[in-house]
Structures are given as C-alpha cells and as structure tokens.
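Look at the two complexes coming up: chain A is in both, with chain B in one and chain C in the other.
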Partner chain A sequence: MSDTAATLTQDRQKLEMAALSAPAVAFTVAMIAFPVVYTIWLGFQTFSSTGKQSFAGLTNYSKLISDVEFWHGLWVTIALFVLSLVLQLVFGVWLALVLFHAKRLPGIVRSLFISPFMMPPVVAGMMWLVILDPSLGAANYILQAFGLPPSDWLASPTWVIPTVALIDSWQWTPYVALIVLGGLQSLPPSVYEAAQIDGASPFKTFQRITLPLLLPTIVTAAILRSVDLLRFFDIIYITTQGGPGNASNTLNIYGFRVGFEFFDIGYASALMLTLTAIVFGAVMAFNRLRGAVAW
Partner chain B sequence: MKARMLATRVALPVLAIAAVSAQAHAADFDWMKFKGKTVTFLANNNPVSQALLTYKVDFEKLTGMTLKVDGYQEQQMRQRLVTVMNANSDEVDVFMTLPSREGEQFAAAGWYGDLTAMAKDAVAKDYDASGLSQALVKAATFGGKLTSMPMNLEGPIFYYRTDIFKKCGIEAPKTIKDVEAAAEKIKTCDSTVTPFVSRGLKPAIAYTFSNVLHNVGGSYIANGKSNLCSAKAKDALDTYSRLLRDFGPPGVVNYSFQQISALYRGGRAAMAFESSNELRTVMEGGARLKDTGLLPFPAGDAGQVPTTIGWGMAVSSHSKQPDAAWYFVQWATSPEVQKKMALQGIAPPRPAVANDPEYRKWIDEEPVRKEWQAALDVLATKGSSEVGYPIVANPQSREFIGQAVQDLILKQKTVDQACADADKALDALIALN
Partner chain C sequence: MNDAATTDRWIRCLNTLQLVLAGIVIMTPTVWMVLSSFKPSFEVTAYPPTLIFTPTLANYAELTRTTPFLSYALNSLVVTVGSTALGLLFGIPAAFAVSWTRISWPAILTLAARMAPGTLFLLPWYVMFRQVGMIGSYTALILSHAVITLPIVIWVLLPSFDGIPRSVFEAAQVDGCSVTRILWRIALPLVASGVAVSAILAFVFSWNYFLFALVLSNGDSKTLIAAAFNFIGEGSTQWGALMAAATLIALPPLVLAALVQRWLVSGLTLGAVKG
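And then the complex of A and B:
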C-alpha cells in the first residue's frame, strides 16, 4: 500500500472514530454546559416573589455588594472553611502517621478509623444533632459527669461555627488521613535510611523529611476538601438551618433559601455563581501551591 | 314591591333550575370516568398525608385510576414544587399546600388551578362541599378563585402535665400571665423538668408566636406598615421570648415540632405549646396519655384568638388532566375519607364529621382526646389563619418575625431594637407586595 493510501485510511479511521464518539461527547458537554449557561442566564433575570421574570442586567450582582446577608454569609463560609480545613489537615496527617506506624493494627480497627466519611452527611448531621442537644444529648451529660459546665453547642451563636467545624472534621479527617497515608507509603525508604545513619531524631526526621516530602499530597487533600468546604450545606441544613439567628448562614444556605423559599431564583443564581468563582479561585490558588511544593 | 316580586319570580325558577341542575350533575357523576389515567400527587410526608395514603388502594379501586405519590418532607416538597412550576411542567397534577403560608404567593404566580366550577358541578352526590369549614374554604379563596380544598384543621394548642400541676399546686392556666406564673412555680417546685417549651427555630416561630400576638390584641400590619413596634406587639414579642428564654430548654432556638414533641413525650417538659397535629406523636408509647391536659392557648387582653390553619389539596395549573386530578382531590376531601382520617387523629375540617357518632365514640375513649376535640372546636370557631404577614412574601416575613424573637431569646437586642429592625425589613417587604 502506498503512503498516500495509508494516510487516507488513517484519516478515514479518525473520522469514523470522531463520528462514533461525537454523540457521547456532545451529550457530556451539554450536561456540563447547559446548567452552567442556564444559571448564568438566570443571574441576569429578576423574579418577583410571585415568580414573574424580567431581564435585570447586572442588578443582581450590584445587589450583592450592598447585601449585608451576602457579606455575613461570605464571612461564615470562610470562617468554616479555614477552621475545618486546618483541623482536618492537622488531624488527618496525625491519623495517617498513626495508621502508617501501627502496622499491626487489626483491620477492623483501621476500618473503624476511616468509617465516618462513608456515612451520608445527613445521617452524620442527625446523629450529632441528637448528641449535642443541650437538654437531651450525651455531650452535655459527659461534660457534666466530669464536672464541666454544659454548652449550648449548635444553639449558641458563639459556638455554632466551631461546633459545625468539629462535626465536619469528625467526618472528613479520616478521608484526609487516607490520602496522606497513600503519600506516606510512596515515600522513598532510602531517604529515611540516610537520616538514620546521620542520627536524626524522629521529630527532626518528620520535620525535615516526612513533612516536606508529603506537602504535595497534603495540598492535594486540601484542594479536594476545599471544594467541599466552600460549598458547605448538608450538615448545616440538618443541624441549624443557618441559625441561631444567622450565625451559621453560609453562602450556600443563603442562596438556597433565597431561591427555594423566597423564590428569587435570579438573585440566588448570582449568589451561587459568585460562590462558584470563589471555589475556582481557591482551587487555582492551591494548584499553584502544589506546583511550588512539588518534588 | 313590584321589583321584589319580579326578583322573586325570576330568582326562584333560577334557583330551582340550579338545584335540579346540580342534582343532575351529581346523578351523572361517574367515578370511573377517568379509568386508566395516572394522577401524580406531590405530598408533604406529614401525618395528614400519611393517614390519607393509607386508603390509596380504595381510591384506585373506586376510580380505576393509578395514583402516583411523590412524597417529601415539607421543605423539600416546596423545593420540588418550585422547580416543577417554574418549568411549567405537567409532572405534578395535585399538590399539598398551606394557604396561610404560600396561598397569596402561589395564587399570584398562577400555580393553582381554579376549583370553583369543579367543586360546584363535578361532584358526587355525597360530597357536600358546603359541609367543609367555610373559614378554611375562604382562606383558600384568592381573587374569587377557590384554589384548594381543606384536608384538615390544625393549630397550636397548649399541652400541660396535670400531675406536675397538681404536685406544685397550680390550676390550669386561664391567661398568658397564668402560664408565666405556672412556669415560675414549676421552676422552683420541680427542677428536673423544663417548665415551658414552644418553637424557637427561626422559620418556625411565626406559627406559635402569631397566637400570642393575636391573644394580646396585636396585629402585624397597621395602616399599610409593619406594626411590630406597637405596644401590643412589643408585649407579645417580650412575653413569648421571655417564656422561652427564662423557662425554655437550653438550645430552644433550634426547637421545632420534632424536638418539642420528643421533650414533652419523654416527660421532660411541663408545658408545651405545639401543633394539635402532634397529639399522635406526643401520645406514642402511652406515657403521656393519662397525665396530659389540653387547652387552646390561654387568653390575653384580647381573649383567645387561636391560630387555625389547614393543609389543602390543590390542582396544578400546569396539569394536563385537571378533571382527573379533581377526582382525587374530591375523593381525598370527601366526608367518607375525612371520617376515616379523623379516626387516625387528623382533625376533620368538616363539622359533620366531628359530630359523627363513630368519631365521637373514638373521642370519648380517652379524656385527652375529648380535651383535644374541645380545643379544636375553639380553634374552628374563634381561629385566625394569619400566620406571619398577610402579604405575597409571607414566607420571607416569617424569617424577620423569627429573627426578632431569636434576638430577644439570645439577649442580642432590646425589644425596641429587635422590633425596629424587624419593622424596617418588613416595611421593605410590604412595599414590594
């Protein structure tokens, strides 16, 4: 077969492959693109409380700037994000180290350690709602058994954010630990052998070798958790619905209420697109960080 | 005189023709008319729909139709409805609605099918539309259109522990002041129980608070402006929040019906102000059956103006088979089905059912049921369906009422600050109406 004929056959094969995969590609693109484009379009519409719709230009976005609830929601979202992420990374690394070194730990114990993140968030929320109930819950019973004062937990405007962060960290720390454990298992043993020969203490080994080598893995875990944490919804919806008052009203909860309880779908779309932009920004920032710490 | 005679001469035959025509319609009525069709029902998974759907098979047998039930918790049901209706979809034929909450809003959005003609003409002989609580029918009529048919009658009522009251030497409260005095006494007499509990969760507060507001003689709107800073409304805000702050359980700001019922049923509260619908839940296990008294909420300066609402069944304006959908609504709100539901503890919106011998026998079986029905009778005769502001954005108005009460429970504002902030936000909402 001549070169020209072979090229023609190859081109034909490529065309056939493209034609065959086109419907699946088009379907996938449509499934991703349509909701995004539709939400962008909705963000330029205004809906009266009776659902009547009209074009509003950038009104929804200018409303964001003067909306006290939006800024409060943003603050709550960031506070929860920072607090939860720090807790989950610190305890996730610690748990991974425990699981890595305790090699004789029975399988059932290892499974128990990682079981919380397999639980649906709604179940976790319900469970903690009962445990933390100030009147009937076990948490205050235990505190009082040790002579400590009871807490209002989720019912206190001061403590609600730390409490929600604790619930989320209880659930997702094992997930971070699993990622970090994978990273620990892939570290080259030769570096540790060299450190041992040089007489480095366990703390120095952790500080100078393990942690720097683990940073790319930790940043990957941070990226994965950031996306979820900035979209925090289910546990808050189950436990506090944004309360007491507005103390745990994240942007996601606020957007949900504006859209589905007050029927202002246009403003809710603008809120959610702003949140999406924040999530993208955070992911890009962490991605850059990952590039910087890669080895 | 001549004019009156003429009117009589004209009116009488018209009325006679109308009566004959209605009878003819009823006689023509055929339950099997829509045999083979499928009706989709978007249900709030609450005790009312649970009781109704026990008889789903009966409906399917009677009509030859298939009933497809799409059931959710209340908030998720509304979320689904908003999505379906905004998409002008015919996925839902019949949905449950609370006219006191979303009636104005849904009616203005055109989501309700008009049931006026169907309720008059397309009815079976024994339907008796006029036998339904006319107050509830009126509450479901917007712009002259009947938008839903009442499924039940409910409202917050006052549950109290007769044994604790006896132990502490307290009489059943007759006024709001008595409730506060009783709470004070119970606090010192029995420290193991929470003296008083009611709704403290922000969006849920308006349901119980409205009763207190109306009892003290307050109103939500005066001269087109929000009225929470009037002397009476401030008194209601102060009283309701003080009862919860000083005598309620810790964490009451997260309390809605689930927590209140659990606390009272578990014997941890001496007084609870909660929905009449919760009777079945509160009595589960039988621990509270013999030591509970029930009353409408005690009187304030304006007497007793209980909150009385009811779930309704509406036909979607986007339904492609409103006539078949109406058959389901009619069956579900018929005297026969409402009597069966009543025997499961769902207060009937038909006075005739409430007086039915079989139902009365069920009521007479337990003293607590008698008190429950007596309280419901007061709700039916004296009730107001105003829960939150009577405006299109009623659901949003409840947020601001709840915020004001929570600010007071949590001592974050004074009464003057809380009512002023709420009035400012609510005036803006009223202006949008």
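And then the complex of A and C:
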C-alpha cells in the first residue's frame, strides 16, 4: 500500500521535473532542432532568381564539390584555424605560467587580462582596423620606428590571414591562459617538490612533469577555441568581408554571402551543413585526443 | 645559500618583466582606441600618431549628431535584456531539473547552439521569419539571441544547483513541498549569486553577438553591434567618431565582466572546466 503511494509520488515527481525542463527543451527544438531539419531539406532545393523553389536532389552537393570558391574557403578556414590555434595555445600556456608564478595577482590585473575577450569581436575589429591602417595606422609607425618595413596588413592578400589570426589571438590568448591557469592551480604541489629535490631544472620540470599533466586542460582549451575558429565570422566580416578579393573568405563568410547576398538559400544550406560536419568532426577528434592524454 | 637567493630574485624579476610585457601587449590597443576617441578630429589621423593632445568630447557629440546612436543603443538594450530574461525563465527550471534528475540531455541539447555555425540556424530562421513578416521585429531578435543566453544560464547554474546538499530537498519533500515549490522557495534563494553571474554573462554574450541581428534586424531595430558598419562608413576616415562608437559599445560588457571575473572561466567554458 505504502509502496504504491511511494511510486505515485515518484511518478508525480518525474512529471514535475519534466515540466520544469519542458520550456527549455521546447524552445531548443523550435529554434534549433526544427530549423536544422529544415536546413537539411533546404539543401535539396534550388531557388531561381525569381525566388521560385524546386527540388534539386543532390545538385547543391555536386555543385559544392566542383566549386573552386568552396575549396578555397575550406583552405582559408583551415589555415586560419591552425595558425590561430597554435598562436593561442603557445602564448596561452606561456601566459598561464607567468601568471601562475606571479603569486599575488591583484584583481585589477585579472580584469585587465579578461578585457580583450569580453569586448565584442566586432569592436576588436573596428579598433584594429584603425591601428592597422596601411597609411595612417599606429602599427606601421611603430614598425618603421624600429627600422622594419611597413605592412599592408588586412589590405594585403598575403598577410590578411596571419593578420586576422593575430587579432583573434590578441583577443583570445588571455582566455586560453586563464583556463590553463586553472589547470595549473589544480595540480598537486607535491610533484614539483619531488622534482626539485631530484635537482631537475625548471625547464626539465616543465617538459617532463607540468606539460604532460596539463595536456588534458590544454586539449579542453583547444576544443573550446576550435569551435569558434572553424566558424570564424565577426572580425573578418567587419574588417574585410572576405577580402581583399577572396583572400579571407572563410566557409562561414562564404556561406553567409551565398545565402544573404546572392540569396541562393539552397546552396548556402549545403555549405553550412558541410561546415557544421567539419566542426563536429573536429570536436570529436579532439575529444578522443583528450581521452588519450587523460591521467 | 646566498647564490640560491640571488637566482630566486632574478627569476622573480624575469617573471615580473614578462607579466608587464604581456600587460602592455594586451592593453595598448584598447588604450589607443579610448585615447583616439578623445582626440580632436585633425589629430586622430595625424601621422606620425600623437600621444599628447587636448582631450575633447567632439567625437562623441558628432557620433550622436550624425548617427542614431542612441536609438541603436536602445535596440541593443531591449534585445539583450529580453533575451537574458527569456534565457533565465527557461534556463533556471531546466538547470534545476537536470541537476536533480541527473538526466543531462536537455542541457546538452542546448549546447548545439554553441557548436554549430550561427548561419546554419539563420538560413531557416530567415525563411520562416520572413514568411510570417517578423523580420526586423524585436520578437525575432530576442528569440534568436535567447539561443545564445539559454546554454549560458543552464551551464553556469548547474554546478550551483549541484552544490546544494540533497538533504535540504529531501527534508522539504517530507514536509510535502512540491518540486516547483522547492525550486522557487528553497533552491533559488540558495543559488542567487549563481543566477546573478549567469544573468550577467548571458547579457554580455547577447550584447556582443553580431550575426543574427545582421540579418534579422532592419533600419528601426538595428542593434549597436549590427550597426557597426554605419559607424565605419564608406571609405571615410572619421576615426574619432568610429573609436567613440567602439568605446561606448565595449563599455557595458567590460564593466559587467569585471564584476563577475571570479566566475568567468567556469562560466565561459560551459561545464568543460571547473574554475
């Protein structure tokens, strides 16, 4: 008798719990799950110049394979991703070590370090647009003051990708550093003490002990950055819109322009689904890597 | 003995030097932006660039005179506050239920928005919102931005709810409290600071978000971020006004982020890192 009562309360509780998450789930289904399914369907449609829509089978996907601009966009996306990720991880780990050894870190220093990644990427783009102006910008003035040749930065087809990678790294290296700093602070101090007693040099201690122990944290930071880097949009759209020419036309920028400038919604859907698959693939690969370096 | 102390001092000195160097690299661009916003218009584009000048508010005055800056700011505020409120309304009960039942798929589902490129949703949204004539409406903008705020609220609040001892809830249950009542009367007051942090982070990320408003807003509902192009202008070098706009747009998120910096990393990594 009391058993039935208990099951009844439990059932009631389950129902109440479901009711609590229902709004969030319903919202996510309506705003994400359903639209994604709709995008998959749109990927099989073509839109004529008059906006008339018809079923096109795999036309958009075969178009994608023979589209030079798609392969170029893929190359730009990957180049930007690799360059930025390496910069941010290397400098992020360095900065984390520096912060870790500065024992008493005033709150103001911490606010200073979070300020780049808390400001809108669009503002970062506006700001660097002015600093990196080829003729009047402060960056070229500083270069020349040191006797170095000036650069065209964002206006140069050769340098635009490294320049965008630099801007993004300026913004997000402190973020990587704070994640790695958290990892450093959670390492047991006993391992360092043992290494010190054994007379290991600071560099050897880092290479043999700290770095391997930190790897899972570093891979986590890499996953979080990869997701953003593979769908790079804001800074490029505000500074170059994919230019000069198509030199910084990442897949996300390209897909956006196909959809909202050329209004080829079907082809844009195919492009975005491909990019989404790339992002999820990268996350899964990194996740396996994290499993491999876990301790 | 003495040698070790000297080496130690050197290492500490070297470390401070690196810290200062990092600080300079991180701060200089932002300081330059703020300085430029206060420069007289002829000095903003001076070459070589000047460091000493008579500060003026002329750029800010010109910004409000030549662009509808204030109405863009109002749009940003409506969209950001609306989407943060919606994120809290849906996110708080969901986080509580996930924490209680340990059934985590509703929380993971919301993460999809954090991983897929925004354009993936924007294409179908555009088609759907256009069909119902909602392009340019606050509703469309608030709904789209809530996709950003909801996962932030859920994932920032999860550890807070997890931190409440089970016995607190069980005692309330024995007293015959319904689950909903436990959430509002007992759990919510205990995680009030977590709610504040999640609201601030949601606000910052909604304020900073660019892509959705670029397509879903129109001339009347344009947010500050989406209006950035209006400030850049066509090939003009009105850098003073541009930097004034950049400074004003960056100010709210920077001030708010400074308030919650202690919780920032655990909040931003959405459960991937315990901060």
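Methods note: the second predicted complex is superposed on the first by the 263 of 295 C-alpha atoms of A that agree within 3 Å, B and C clash if a C-alpha of one lies under 4 Å from a C-alpha of the other, contacts with A are read in each partner's own complex, and residues count from 1 in each chain.
To be clear about the criterion, a residue touches a chain if its C-beta (ideal position, glycine included) is under 8 Å from a C-beta of that chain, and two chains touch if they have at least 3 such contacts.
What you see is a predicted model; the values in this text were computed from it and never measured.
*Asks:* Mind checking chain B and chain C on superposed chain A, clash or fit?
*Replies:* These partners clash in the superposed model.
*Asks:* Using the superposition on chain A described above, determine whether A:252 touches chain B (first), chain C (second), both, or neither.
*Replies:* So A:252 only meets chain C here.
*Asks:* By the touch definition at the top of the document, which applies to A:136: first (chain B), second (chain C), both, or neither?
*Replies:* Both: A:136 reaches chain B and chain C.
*Asks:* In the superposed model, does chain B or chain C contact more residues of chain A?
*Replies:* Chain A has more residues touched by C than by the other partner.
*Asks:* Examine A:261 and indicate which partner it touches, taking first as chain B and second as chain C; both and neither are also allowed.
*Replies:* A:261: touches chain B, not chain C.
*Asks:* Check the residue A:243 against both partner chains and state whether it touches chain B (first), chain C (second), both, or neither.
*Replies:* first
*Asks:* One more residue to check, A:61. First (chain B), second (chain C), both or neither?
*Replies:* Touch status of A:61: no partner.
*Asks:* Going by the contact rule set out at the top, does A:170 touch chain B (first), chain C (second), both, or neither?
*Replies:* In the superposed model, A:170 contacts chain C only, not chain B.
*Asks:* Scan A:112 for contacts with chain B and chain C and give back first, second, both or neither.
*Replies:* It touches chain C, and chain B stays clear.
*Asks:* Just to be sure I read the superposition right, which of the two partners does A:101 touch: chain B = first, chain C = second, or both, or neither?
*Replies:* second
*Asks:* Can you tell me which of the listed chain B stretches (26-34, 80-88 or 116-124) runs into chain C once everything is aligned on A?
*Replies:* That would be 80-88, the one stretch with clashes.
*Asks:* Which residues of chain A are in contact with chain B in one complex and with chain C in the other?
*Replies:* 135-136, 259-260, 265
*Asks:* Okay, in this complex, where on chain A does chain C touch?
*Replies:* 13-14, 16-21, 23-25, 27-28, 31-36, 38-39, 42, 94-95, 98-99, 101-102, 107, 109-116, 118-123, 125-131, 135-136, 138, 141, 170, 174-175, 178-179, 182-183, 186, 202, 217, 220, 223-224, 227, 230-231, 233-234, 237-238, 252, 255-256, 259-260, 265, 268-269, 272-273, 275-276, 279-280, 283
*Asks:* Which residues of chain A touch chain B once you look at their complex with the stated criterion?
*Replies:* Per the stated touch rule, the residues are 48-52, 133-136, 150, 152-155, 157, 239-246, 259-263, 265.
*Asks:* Looking at the complex, which residues from chain C come into contact with chain A?
*Replies:* 11-12, 15-16, 18-19, 22-23, 25-27, 29-30, 32-33, 36, 45, 47-49, 89-91, 93-94, 96-98, 100-101, 103, 106, 109-110, 112-128, 143-144, 146-147, 150, 154, 178-180, 183, 204, 207-208, 210-211, 214-215, 225, 228-229, 231-232, 237, 239, 242-243, 245-246, 249-250, 253-254, 257-258, 261, 264-265, 268-269, 272-275
*Asks:* Going by the contact rule at the top, pick out the chain B residues touching chain A in the complex.
*Replies:* Of all residues in chain B, those touching chain A are 75, 78-79, 82, 85-86, 105, 108-111, 194, 201-203, 249-254, 259, 262-263, 266, 268, 392-393, 395-396, 403, 406-407, 410, 412, 432.
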